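What follows is a set of structures for review.
One chain, chain A, links the two complexes that follow: it is found with chain B in the first and with chain C in the second.
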Partner chain A sequence: MRQMLGRLVHDKAALVAALYLLAVVVVALVAPLIVDASLMRSNLRLRHLPPLHFDHGWWYVLGGDALGRSMLARLVVAARTTLAISFATVSLSLVIGAAIGLVAGLSNAWWSTAIMRAIDVLMSIPSLLLAMVVLFVIGASPPVVVMILTVTRIPIFARTARGQALEIRERPFVSASRVMGASSLHLLVRHMAPLALPTLFSVAALEFAQVMLAESTLTFLGIGVQPPDVTWGLMVSDGQRYLATAWWSALWPGLVIASIALAATILGNWFQVANDPVLRARSARKSRVPAAESKVASNA
Partner chain B sequence: MLSKTPLLEIDNLVVDFETPGGTFNAVRGISLCLEQGGSHAIIGESGSGKSVTASAIMSLIDSPPGHVCGGDIRFQGRSILSMPRAERRRLYGRHIAMVFQDPAAHLNPVYPVGWQIAEVCRIHGRPAGEAKRSAIALMDRVGIGDAARRYHAFPHQFSGGQRQRIMIAMAMALRPELLIADEPTTALDVTVQAQILELIRELQQENGSALLLITHDLGVAADIARTVSVMRRGEFVEEGTIADVFVAPRHSYTQKLLEARTSSRPQVTTADAEVLLEVKDVSIDYGSVRAVSDVSLQLRHNEVLCVVGESGSGKSTIANAILRLREITSGSICYRGADIHKLGRAELDAYHRAVQAVFQDPFGSLNPRMSVFDIICEPWSIQRSVLPKSEWRQRSVELMESVGLTAGDLGKYPSEFSGGQRQRIAIARALALQSEIIVCDEAVSALDMTVQGQIISLLQEIRARMGVALLFITHDLTLVRNFADRVIVMKAGEIVEQGSTEDVFSNPKHGYTKMLLAACPVPDPVVQQERRNAAKVASGGNQGAHALARGA
Partner chain C sequence: MARYVLRRALQSLYAVLMLLLIVFAMTRLTGDPTNQYLPLSASPQARADFAALHGFNDPYYVQFIHYVSDLAHGDFGQSLFKQRPAMEVALEAFPITLTLAFFTMSIALVLSIVLGSLAAMRPNGLFDRMISPLTIFTASAPTFWVALVAIFVFAMMLGWVPTSGMGTPVHWILPVCVLVLTPLGVLTQVVRSSMVSSLSAPYAKTALAKGASDARVVFVHALRNSLLPLITIAGVQATGLVNGAVVIETIFGFPGIGKVMIDSIRDRDFSLTIACILLAAVVVYAMNVAIDIMYARLDPRVQIGGEARR
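== the complex of A and B ==
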């Protein structure tokens, strides 16, 4: 753990990304303490208040929305719901998808193929249609949204994991391990998972942004998160109606989504490098050559 | 034919590569002079800079990171390095041509081979119809049967040997004055190698071309070259005629190269030792293809049994079946009398402890994410009863020392080691369970010659010290001679000959064994010349050689 932290400090881009994500998480956690309830009430005098000046206190530095609520305060409150939904969705689908994919990749048996065909079937169902039907029947709430999004994300992780497992399975060190009498569980835990995980984490980082956008699509259709709950996706879809008159109402939540996605991707890439002795040695050597340093940053 | 200016002159060439770790001096001031029609070999191990030299002549060095920072290369007196690009392009293909190691990678898979041969002619301004006709003639000349029809075939429809013939046809299409061959036969089986070398020699004589051969194989060099340079770490350590260098090498490195394979074998009598492993009438099918048919063999205690065969002979399939990585179709494999496919759980664990493996690829056989300590300890983490965890550290240090590595290496990762060192780690892992049998599947084939010698002597030492039996699978007969107690020769899934090493080498009975022995070039120009002539006579002169070639 300490080793990993040391490596993180070494990679400037990843460090900045990690600190940014950490800050957003902290803000999301303490949101109820810092955001005054009055800021969330509509105030038509401050309707579409232009951003970037302090006339109405620093809560209104990012402007006001269509009902005159503070954009900054709503972003802070939305962080909680958005991050919770995305994080839960991505981790659930990562765990379930990776388990299915690795197990299916390890075995040649008929059920391995059957599982993957079932995954393909799942993938071919339009996720929006599935979401609409389920949300209409059960009713929209954050846990149901998480469930729906998880189901639609599982195939991506399962197929990535299976592809990795199929490739790793043929490597000589897996054969060597089998020759020692290794059980399937041993192969899975010692060889498959450690080699497949960094790739899966990279995929997860990208999926994190995808899930935020998918959630906002559901919200946009009115079947996602319902007011008074608020997410960044909801804010984007609210704001896009006023793009011509009040650009800030969609821009700030959009920027937050993009920056979170970027930070998650940078961190995902860093994780892949930090876990691979070969890449690690290469990047360590690179960083000693000044000319190559900018290349590392841009690669990350 | 001799002109005043030599055909190719390399004058104090220096090539550097900028790597993240600093500047790597790949070639450090070599000079070379090749006359018209001459044949010169550059011999060296991987990383010696021999291929970089060839690439420099063909302007194929990736720049950056590589660049020529000193010296000159002159072709017919004109400097290649300073001539304009357009002029250089006219030179390549027409006057200087190159044959690469891997014909599978250097032929475009989406174009017919004939079209690719004709392309060379078209680039240098011949009309398409004429180019096609000469391509067909060339295919015929290099021994591709039914050339007019095969003109339209794609690279994947040819065998490795045939693909190399096609590459040679492309190179010789415009009768270049200089042919550069970079490890032209390294990826090929030994009998095919002999045919390809013969073809290069014939074409060279027909066209009066000069040959610059890059190789790591002393036998190949002795077979085809008249002069030789031995390259090491970017420098020529020895130069001269092939007879001088091979018969009386002056530099210690050349001596080491020549000695690498001639270490003597300790005499161990194992004829009446206990039979550990018995393979009885085993057949293995891959779908509808029979890879191994009715193979029987016995491995005795503390014995070195070598299975020799070319690619596709089924030798590795047998090894995998013994390791239980591959199901057998019929027959049985017995360990100390018990069928290994009918073992109970505890007996199966015992079998896995008794039989370990070292694989070919030193880069693939160690998990890159595990430290060496974790790799060595993996057998104990699987077979929990062998060693208590408290003793892992001490025992792994002992194992590392027994394969010539140090305790300090335990904390490192596989990527920090060379191929030979990685193979040592793999051997240490195979020894961890104190096995009785170690199956080595082409365990030294991916290594340089001097490193091969080191690993072989390590295996010999381990065999003598620990009393293990070795089942050594290889395609390389020269390795076997001083190492094996018994030899099994396989061809197309069947055993064609088996016996003690002395018998098989001095008195081969099967025609295929004779052919293998004859095809294998030896690093002695005089002997190799005699062997080549003998092989020609044996196969019925040129006619026979051509017929053979078409079959390749």
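== the complex of A and C ==
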């Protein structure tokens, strides 16, 4: 842990990304304490208040929206929903996908192959299309959005975990453990999972960015999160109508989405390099090589 | 070769059938579609007639067989909103999306090869330091937001291009430029990293030692080997282009398949939604099969028809 922190301080870009993400998470967590209810009430006198003025106090530094609510306060409140949806999705798909992948990787039985075939099919279905059908039929709410995004993200974790499991199970200490009579469950929990986790975590960081983009896109198209819940994607969608008169109402939320996706991607790439001795040695010798391979996995 | 193509086609057919099953289950298991299609004020008699007409009183498996057999006869149902066969509407819109995707992918491929190679020639040089962060940014900025910012800057403030609609070639500039950013960012990263490893391979060093110019080594010797990962990821990105097209067409008011799809969802025009989704899925699978074949032709090391080829 300490070693990781030391490496983090050495990589300036990753350090900045980590601090930024930390700050946003803290703001999202304390949002109910700092955002006064009056800021969320409509106030038509402050309608489309231009940004970058302090005349109406700190909260209106980013301007007002179409109902005269503080853009900054809305962004802070939306941070909660947006991050909660992305976090829940990534955690769920990490746990389910890793469980499927590790179990499938441990065994050579026919059902192990069958599971991976099913995962392949799931992966090949264009995710937005699937999400559209589901949201169309069931109706959109944050839990449904989390559910459908989780389903579309499980294949990536399952394949990564299986790849890891296939490699780890051939290592001598695992064989030794098996020969000494360890149960499959023991092998899975004590030997495989701990070694597979770092890779899965770096995939999770990259996935976080992708999930947030997917949620924003669905919401922007009007088939994701619905008012009165608010996410950044919804704010961009609201601001779209006032592009000609109040450019800031669409600009800020999009900028936040982009910057967080960027930070998560940088951190994910860094985590991958920092955890892999081979990549680390290469990056020390030849400077940073952006881990494009990881990007590849996350976009699949 | 033929056997391989056939097997891949069968696999894709299986995937399409799965998608169909999911779509069908979603539409049926969430309740009687009668309530979805008829207005609240419809009389019980009208509801019963509607259910009987579309066979909603039959068991699910019978409904599914009817549904699939209709599809097999090329009947995708009527678009309730447009009062026309759903597939007709979908096929009308499709060429626009294909054109959009074609221009986008061509530009992204050419530019990413050039930019990625230039960045890989001097790893960590000035150009590389400029390009690498930029590619991460374009790959992580939300398309819909970039589109809005681009409209605001280039169409509203500078007035260089129209804000939306289509007709003249000028209308295509902004949508293609915005749509190209995500694949360009991802593909440039792929080209750069595979080019870096190709350039440090012995054959590249041999070529340099024999007096070949930098450009020749990059574009003649190393490029061919760097193309393989590029093609794989380009396939994935092309699938993602379906998502991007939906967004771009909605924002720029292009009457392509993405716009039709979203409109059909808003109008609760279910058979049109399904027709669009199936059409898009079939094209995506066909493209993936084509890419796999191309991959095998480019790399003699790939055993066609072999297992575990990924």
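What to note about this one:
Everything below uses one rule, namely that the second predicted complex is superposed on the first by the 192 of 300 C-alpha atoms of A that agree within 3 Å, B and C clash if a C-alpha of one lies under 4 Å from a C-alpha of the other, contacts with A are read in each partner's own complex, and residues count from 1 in each chain.
The rule is simple: contacts are C-beta pairs under 8 Å (C-beta built on N, C-alpha and C of every residue); 3 or more make two chains touch, one makes a residue touch a chain.
Fair warning: this is a prediction, and the values are worked out from it, not measured in the lab.
Of the two partner chains placed around the shared chain by superposition, chain B is the only one that A:Ala182 touches, whereas chain C remains out of contact. Set against each other, chain B and chain C touch different numbers of residues in chain A, with C touching more.
In the superposed model, A:Phe87 lies in contact with neither chain B nor chain C.
When the two structures are aligned on the shared chain, A:Leu251 is found in touch with chain C, with no touch to chain B.
Across the superposed pair, chain B and chain C both touch chain A at residues 286, 288-289, 292. Of all the residues in chain B, the ones that touch chain A in their complex are 20-21, 323-325, 348-349, 351-353, 355-357, 359-361, 364-370, 378-379, 381-383, 413-416, 426, 429, 433.
Contact residues on chain A toward chain B in their complex (touch as defined above): 171-173, 175-183, 186, 190-191, 194-195, 275-278, 281-282, 285-286, 288-289, 292. Chain C meets chain A in the complex at residues 12, 14-15, 18-19, 22-23, 26-27, 30, 123-124, 132-133, 135-137, 139-146, 148-149, 151-152, 156, 186, 189-190, 192-194, 196, 229, 232-233, 236-237, 239-240, 242-243, 246-247, 250-251, 261-262, 265-266, 270, 273-274, 277, 280-281, 284-285, 288.
Against chain C, in their complex, chain A makes its touches with residues 13, 121, 124-130, 132-134, 136-138, 209, 213, 216-217, 220-223, 233, 236, 239-240, 243-244, 247, 250-251, 253-255, 257-258, 261-262, 264-266, 269, 286-293, 295-296, 299-300.
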